[in-house]
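Before anything else, here is the set of structures, which you'll find just below.
You will see two complexes here that share chain A, one where it goes with chain B and one where it goes with chain C.
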Partner chain A sequence: MSPYLTALIAIVEREALRFVQQRGRFIAALVRPLVWLLVFAAGFRAALGLSITPPYQTYIQYETYIVPGLCGMIMLFNGMQSSLGLVYDREVGSMRLLLTSPLPRWWLLTCKLLGSTAISICQVYAFLIIADLYGIRWPAPGYLTVLPALILTGLMLGALGLALSSFIKQLENFAGVMNFVIFPMFFLSSALYPLWKMAESSELLHDICAANPFTHAVELIRFALHAAPNPTATAATLLAAILFLGLAIWGYDPARGMVRRKG
Partner chain B sequence: MLLHLGRNTSLATLATALTLTAWAPAPAEEIWISNEKEDTLSVIDVATLEVIRTIETGERPRGITFSKDYSVLYICASDSDTVQVMDPETGRILHDLPSGEDPEQFVLHPDDRHLYIANEDDAITTVVDTETRKVVAQIDVGIEPEGMAVSPDGKIAITTSETTNMAHWIDTETQMLFANTLVDSRPRHAEFTAGGTELWVSSEIGGTITVFDVATQAEKAKIEFEVQGIHPDRVQPVGFEFTGDEKTAFVALGPSNHIAAVNAKTYEVEDYILVGRRVWHMDFNTDKSLLFTTNGVSGDVTVVDVASREPVKTIKVGRFPWGAALRP
Partner chain C sequence: MTGLRVQDLSFAYGPKQALDAVSLSVGTGVFCALLGPNGAGKSTLFSLLTRLFTTSDGKIDIAGHDLAKAPNKALARIGVVFQQQTLDLDLTVYRNLKYFAALHGISGQDAKARIMASLDRLDMAERAHEKVRALNGGHRRRTEIARALIHAPSVLLLDEPTVGLDAASRAAIVDHVHGLAADGLTVLWATHLTDEVWPPDQLVVLHQGRVLADGTAADITGRDPLRDVFLRLTGAAA
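== the complex of A and B ==
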């Protein structure tokens, strides 16, 4: 077997094993979006009037609107969680072990990314099944067409996590990631409210939201769940994924990156 | 050789015929919508679910209905105080009918000749002969009559009066009232069902539908509505229609922005379906697989798949759509 493939299987297997052993993490990953869906969205059900914007062809309940955003939320938290895992790996030394492998570093990091993306996709599908039981359904092909969108989103957010992990010195700094990355990314996006609603209150906020790569990831998921293409969101998410992955590879490069400086 | 040629020719003819059949355009089904604040009609093509024509009418068109052969369309032009008769092919007004003041809703008698018109401002129901274009009778009813219905056998006409809160039962032979029954506040719409043995009347402010036994004019059931997350004051039943098998009634619930699917046998509400803002009336396509609801405030029509009870599309029409009628 090619050493590249062996490394891929080993790293994905390790990610999966870590995830399976942390049952609490799986439940937490589901509880978070479910609270938003069953409590927050239920409260706002009648409060928010939604005009018909693509991909929707008719009026929808607020619960239906926020599900793609919550799928993105699962992937966002998972991406950050895997960056936390990387910092932990670095602290306990297993990261050094991984990076001393003769395989190119970009491949090792990509394997890590694929592992965390696969896990967040499982979480998203579990969430979609629960949403389905709650009565929020999509056209049947949407469950299939959302898969490539989830892969791209997972890679983009995972790459962001990787890039961030190269900058985080200690585990304690993770709170900073929550405050300065996860929350702004989530709230300044189209996950909870449509962008036209944002524009009603502030044009500046609308522009920030429109530039947020997470907005594009959410819109990509939203359109994919309706089996509809969204070239702009696809291109923006892909571009962000390439940018973040490049940043992560640079960050982990022993010659130039942050890892060397941290020793 | 001749036989051979003949076979080929007939095969070719058959193939051409089949191709032509396959390519022949299906008869275009249309849903006609009256836009009460734009003085127009919007025509929706059922196949494409798009507005294909917009036609000007008199002032404030509300109730609309086609003649049995769909050769003419009757329009209640409320603020023009007339019922207009339109050629649906050309969109030209052929003539007006004397309707009494402020006609809001009407119903065409099964004889395809007599229109029963509710005159909201005059507290009367006017009966017009569409052939002679003359008023046949004017019947005093309660204040602000609105909902109109005729039994399938044509023997009974119903007018509901918004302020008197009554359903008035009219004998169409004598054109006289023979019964008045109380319903909840502001009755808006009436329909006969179950082969004409039941009469349903919706009450907008009361938030109910009252079901009457036609033989005795006695109240048989009362249907109440409750939409999750919507204040009860905003749940206001107005127009309603029955599916082909008469097992389900779809009820427009006004400013609650929902329609209800009611089991017509048990009178239980089975589903609430989100549509546009302030839903007034509705109509089906020919096979009753699609339902078209007029959403007054949002100025659009929501198309509901009857089998799955899912809204599939909302189509922008004119300002304040009100009535809906199918033209197969």
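== the complex of A and C ==
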């Protein structure tokens, strides 16, 4: 077996094993979007009127609208959780083991990314099954066509987490990531409300939402669940993924990035 | 010369010079003790030797490979035991080693055979399927040394590997690693404890980022105890 493949399997397996051992993390990953779906969406259904916008061809309930955003939310939190794990790994020293492997660093980081993406995807499918039981269903092919969208989204958000982890010095600083990355990314997106709604209240906020890569990821998932293409969202998410991964590889370069700092 | 060679290596954390033109050579089958007080620059040197840091000031050759020009070949020839423990406590000893083997591209039956041989070498084979969390400090360190040997490195780097261990575990590990050097492995052992250095060992005294002495421990100490010589050297340089 190729050394590259051997390392990939080992790193993905380790990420999966760690995830399985942390049952609380799995439950939290599901409870969070379910609270939004079952409580928040129920309350907002009456308050928020939705017009028919693509990919929808008829009026939809608010619960249906926010499911793609909640899929994105699962992946966003998972990406940041992986980032937290990396900062922790660095503090306890196990990151050194990975970084002193003779395989290229960009490959090792990509393996980490693929591992966290695989876990995110399992969580999203578990959530979609629960949403299905709740009565929110998609065209059958949508469950398959959403897979590439989830892979791309997972890679993009995982790469963002990876990049952040290379610049966060200590675990204690991670709270800042919650306040300055997760919440703005989530709320300044089309996850909870369509962008035209945002434009009604503020053009500036609308423009910020439109530039947010998470908005494009959510729209990519939304269209993919309806087995419909969305080239703009695909291109924007792909571009963001490449940018974030490049930043992460730069951040972990021993000559430039975080590893130059002591610790 | 197939061991380890460091030439004029310098490194600074901003304005603070951590290493200043450090040079040393360790031949095949030699146990070299890198002795220095806390803050001498030992861990910085190890970070440079393992490419966690890089510097353009100086040159590192590992088993004949230039670390700057051929990092992957050089890293493939070193085994490392870091000062900080790097084992996954919730995995078994075997699984920890299997993960490491995979990071070096070793899998399947080859990995299994190497892991068991490596554990056997450190008298840890019977603990292969115990969780690391259940092991005492000495056994955890042995596990890390066994792990560092899986890919048959030419050079073994150990950064204060006996920190936090009781006297018996410490002595056993020092004995083991001297045995590995006698079997042909190049060993660089960082420590601040003089009783871990044996008279025939190569001794490099590092203080404030500079090499103060380099030779066999017996030659450096003469008839005096190493502890006194070390305190004299580092005290005089302070």
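Going forward, the second predicted complex is superposed on the first by the 261 of 263 C-alpha atoms of A that agree within 3 Å, B and C clash if a C-alpha of one lies under 4 Å from a C-alpha of the other, contacts with A are read in each partner's own complex, and residues count from 1 in each chain.
Definition applied: a residue touches a chain if its C-beta (ideal position, glycine included) is under 8 Å from a C-beta of that chain, and two chains touch if they have at least 3 such contacts.
Quick caveat, the model's predicted, so the values are computed rather than measured.
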Chain A as common anchor, with chain B and chain C clashing or fitting: fit
First, second, both or neither for A:L98, with chain B first and chain C second: second
Between chain B and chain C, more extensive residue contact with chain A: C
First, second, both or neither for A:T58, with chain B first and chain C second: first
Touching partner for A:A42 - first (chain B), second (chain C), both, neither: first
Superposition-derived minimum Cα distance between chain C and chain B (Å): 49
Of chain A, residues touching chain C in the complex: 1-4, 6-7, 9-11, 14, 17, 21, 92-94, 96-104, 108, 254-255, 259-260, 262
Interfacial residue positions of chain B with respect to chain A in the complex: 228-230, 257, 274-276, 298, 302-303, 311-314
Chain B-touching residues of chain A, taken from the complex the two chains share: 42, 45-46, 52, 57-61
Contacting residues of chain C [partner chain A, same complex]: 13, 44, 50-54, 71-73, 75-76, 78, 80, 82, 84-88, 90-91, 98-100, 102-108
